[in-house]
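Which chain is which? They are A, B, C and D, in the order written, and residues in each are numbered from 1.
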Amino acid sequence: MNRLGVDFLGFSLKNPIAAASGTFGFGKEYAEFYDINQLGAVCLKGLTLHKKAGNDGVRIWECTGGMLNSIGLENPGVKAFIEEYEETQARIQTVKIVNLGGDSLEEYVEGARLLNQIDIDILELNISCPNVKSGGMLFGVSEDSAYQVTRAVKDITRFPLMVKLSPNVADIAVIAAACEEAGADGLSLINTVQGMAIDIQNRRAVFDNVYAGLSGAAIKPIALRMVHQAAKAVNIPIMGIGGIYSGRDVLEFLMVGASCVQIGTAGFIRPTKLMEILAELKAYCEENDLFLKEIINII
Amino acid sequence: MNRLGVDFLGFSLKNPIAAASGTFGFGKEYAEFYDINQLGAVCLKGLTLHKKAGNDGVRIWECTGGMLNSIGLENPGVKAFIEEYEETQARIQTVKIVNLGGDSLEEYVEGARLLNQIDIDILELNISCPNVKSGGMLFGVSEDSAYQVTRAVKDITRFPLMVKLSPNVADIAVIAAACEEAGADGLSLINTVQGMAIDIQNRRAVFDNVYAGLSGAAIKPIALRMVHQAAKAVNIPIMGIGGIYSGRDVLEFLMVGASCVQIGTAGFIRPTKLMEILAELKAYCEENDLFLKEIINII
Amino acid sequence: MALILENKPIASNVFQMRVAANQQVKAGQFYMLRAWENIPTFSRPISICDQNGEEMTFVYEVKGKGTEIFSTLQAGDEIELMGPRGNGFVLKGQKCVLVGGGVGIAPLLLLAKRLREQGAQITAYLGFRSEEYLKEDFARYCHRIITDVGGKITDVIETESFDCAYICGPEVMMQAAWDKLKHSAEQVVVSVERRMACGVGVCLGCNIKTRQGNKKVCSDGPIFAAEDVFYE
Amino acid sequence: MALILENKPIASNVFQMRVAANQQVKAGQFYMLRAWENIPTFSRPISICDQNGEEMTFVYEVKGKGTEIFSTLQAGDEIELMGPRGNGFVLKGQKCVLVGGGVGIAPLLLLAKRLREQGAQITAYLGFRSEEYLKEDFARYCHRIITDVGGKITDVIETESFDCAYICGPEVMMQAAWDKLKHSAEQVVVSVERRMACGVGVCLGCNIKTRQGNKKVCSDGPIFAAEDVFYE
């Protein structure tokens, strides 16, 4: 009797906990610390069609209740990923979510097309990427471009499509609805909140890119609010993300409408942190005679 | 030789530190703990034309690195404020900023008109209020309504007008520019970030209003980014707000473009916290032979 | 900052902290306690449980992060006290009844002492969740003590006439006590709890709706006439 | 979790912490240290300074929040250790030179010990900001020790030929040492510092651009050939 099981995009997840993209690599490193297949799912490091070297300068910065990152999507590119996929696949028996970014519609589409060659479980579209064609505004902040990129990728991919939303918007419900209309099978949110840090000594921005992405406990109230708003706006399932550090935090996200969650920053507390959160969640469910499915979206 | 002095909207502030609206009442309570006239300025509790009873249920909630509030703008109304203004005025010899909210354009305008009767120093327009006429969306999240309310109030007020921006927008620069165009003399930002908290036990939202405003250290990276973006977009001076807890935090806000700052949540650490921050700032300036005016907007 | 003289468990999850402090205080007043700088955000409101010359005692239950930190403090450490805050109890009547539930009994101890000093005759109903504490202390001032462990203390309240009833505990318990006592006690007052940010009356976070409109628990309260609180 | 055996200041703002731990470690490796749950967010990377059977020693300078917390720990407390992490020094050569600046001398101590075990002859240049520490420990393994307090240790480096040079300290100091030693030492390696989140190679936060492309200091490093780091 698995109290923790949840359904998501046609998969029966053994529990609602997934590692968040960019905080888990391709599963190799943490596999040395624990059995990563105990996770309900894993989101692999964000890919782009072409290899990316990532950003120069400081890439991470600690702040109260969280961190800022400006990794710059360093990744080997879709092709290299595909070439090494056999190894990745052998390592990961749980649900595999591949995260795809891009700077243009064409890049997204071509990346998605190439990924059709291999057997992944879910495609997660990271639309918090600057749209080079429309002046660098993120795909994820305009209703139109969110719609377009979702639609274009949906047309080509053979996998369930989950769109990962940016929180840097005035009304997340509008973007969520646009993605649903464009054919998204599910949503994940939130990506990092745009922030900034200052190096007082040198009187400059800490990051070469000036702005960076805020994650961790600090953003949990924002993430909960947005998941709640999105859940009320769409009928497709949601993966909740943002500042989850405990089993109770997981429950909160399920209650506001997420079917499952991703955990990023908390994993940096220690390599086995996700297992601790899982254990806490399990203990809570047992003590309270709770099946997680019962509480999804009850608020 | 005052290293801390800054200019703002025609006033020479003896230092850049002001108490934030809603966290200082009308100055009476903290006056029992320290000489409030040591502050560069004070922003009084947000007023609305008509008295407001505020929200029912839980009104404040602690979260990692900050708090959520849903006070609901409880206030005596502009008229009652004016009636008691003599007493307030007698108490406060530093720069007095009056914060005005409203649910409709007419309310804002009428409130501003009434305030012309008394001698305040700066009018701060809180546009993070739901615009009842356009379906409850905040005035501050649409370029148009931000423009309109700023324009309408600017036309009537006899005081320097500072517009307080909401961070719950996709592009703060656009809103900032709209307010400048509409005649704002200055800007203050950020107001609280919309967030949510869950009462797991009772499986409900903590706040009767469901969503609430996030403030404190958690939002500092977001606030810095937005002040920076706004400062690059406009030529009017800015008052920076959001998660300032230390003298160094003040410096960060000045460097990204604020001429002075407001401090809210940190004041709840202890009544004299703002004085501690001021002392820290002063010590820093002395040690580093720094005049604050020099570092404004250098990043 | 006040020096901690002692900080020890007196029941499971309940601690008694003695600190060096000689301010003038009223029974029913509280302090905002803090033993950290920025995080957790808020200080914690804790009632004065006892006062003796240069010493003050707090009794607190460990519930969450803040009280957890308090429980790790040791004699010789310091704790930040902001207060005394709040209105405190008005000492009234010759025949008084105290009703306390859980750690809500804490402020009633200093109250009992002060009432006794005025010569009052005191009956105390004290309800505990799992074990008794502070009972001998109450015994010093009270004429009669009725305790209950694990049940509802309000179930055993006898209808007897009192000049004044003082109630402190969980809101449902206070409501039940008020229902029992409103006809037999001339005055009934309750000590109310609300989450607090500033503790001084500026944030309006500790609001309570009373018959007289909005009140701030931190500065208008925490003591209110029961009829003003339970009026709906 | 490891038991702290001792944690004491050995210079102003510099602490030496001995812990009970008997893992196999290489000189130049480090641990991610943590003595809190959620805040601060990151664990702090600290090099292994010494190891003796069941004991390991860290020497750290108090700089910010994390090391400040470390400095308050006492014998009998526990500290969380994640590691050993990183590649560690390759022990090479019979005639070696160590150049350490500030607390960057810490990993060089265990290195000196291990090199000595292999019979190497060691010259150590140790630069301190305001006072010397660990000097006697180095004296046990080194043939010659040159120290400098308050100046630039790299200014006093003599041009002499070495099989291998090991450098650890602030980046500018390492660059200067490399400039001095690149022609006289056959191999020059440096121990690099970067902010770290995961410490295991998943977050790509500790990136360093090398001649061979992006490398992760936490897992590809922290030890790199100087020529690969200072190549521009």
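We take it that a contact is a pair of C-beta atoms (placed from the backbone, for glycine too) under 8 Å apart; a residue touches a chain by one contact, two chains touch by 3 or more.
Please read these numbers as outputs of a predicted model, since none were measured by experiment.
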For this session: Moving only to chains each one touches, count the minimum steps from chain A until you reach chain B.
Result: 1
Seminar exercise, completed: In terms of mean CA position, the chain most removed from chain D is C
Exercise. In angstrom, rounded to a whole number, how far apart do the mean CA points of chain A and chain C lie?
Worked result: 47
Exercise. Measuring from the mean C-alpha position of chain B to the mean C-alpha position of chain C, what distance in angstrom results?
Worked result: 36
For this session: Please work out the Cα centroid separation of chain C and chain D, and write it as a whole number of Å.
Result: 55
Exercise. Multi-chain contacts in chain C: which residues touch at least two other chains?
Worked result: 38-39
Problem set entry | Residues of chain B engaged with two or more neighbouring chains | 63-66, 217
Problem set entry | Interface residues, chain B side, partner chain A - complex | 63-66, 68, 141-142, 168-171, 193-198, 200, 203-205, 210-212, 214, 217-222, 224-225, 228, 243, 248, 251-252, 255-256, 295, 298-299
Exercise. Can you list the residues on chain A that touch chain D in the complex?
Worked result: 22-25, 29-30, 32-33, 45, 53-54, 56, 58-67, 69, 71, 74, 216-217, 245, 265-271
For this session: Please name which positions on chain C make contact with chain B in the complex.
Result: 34, 37-43, 80, 82, 195-207, 209, 213-214, 219
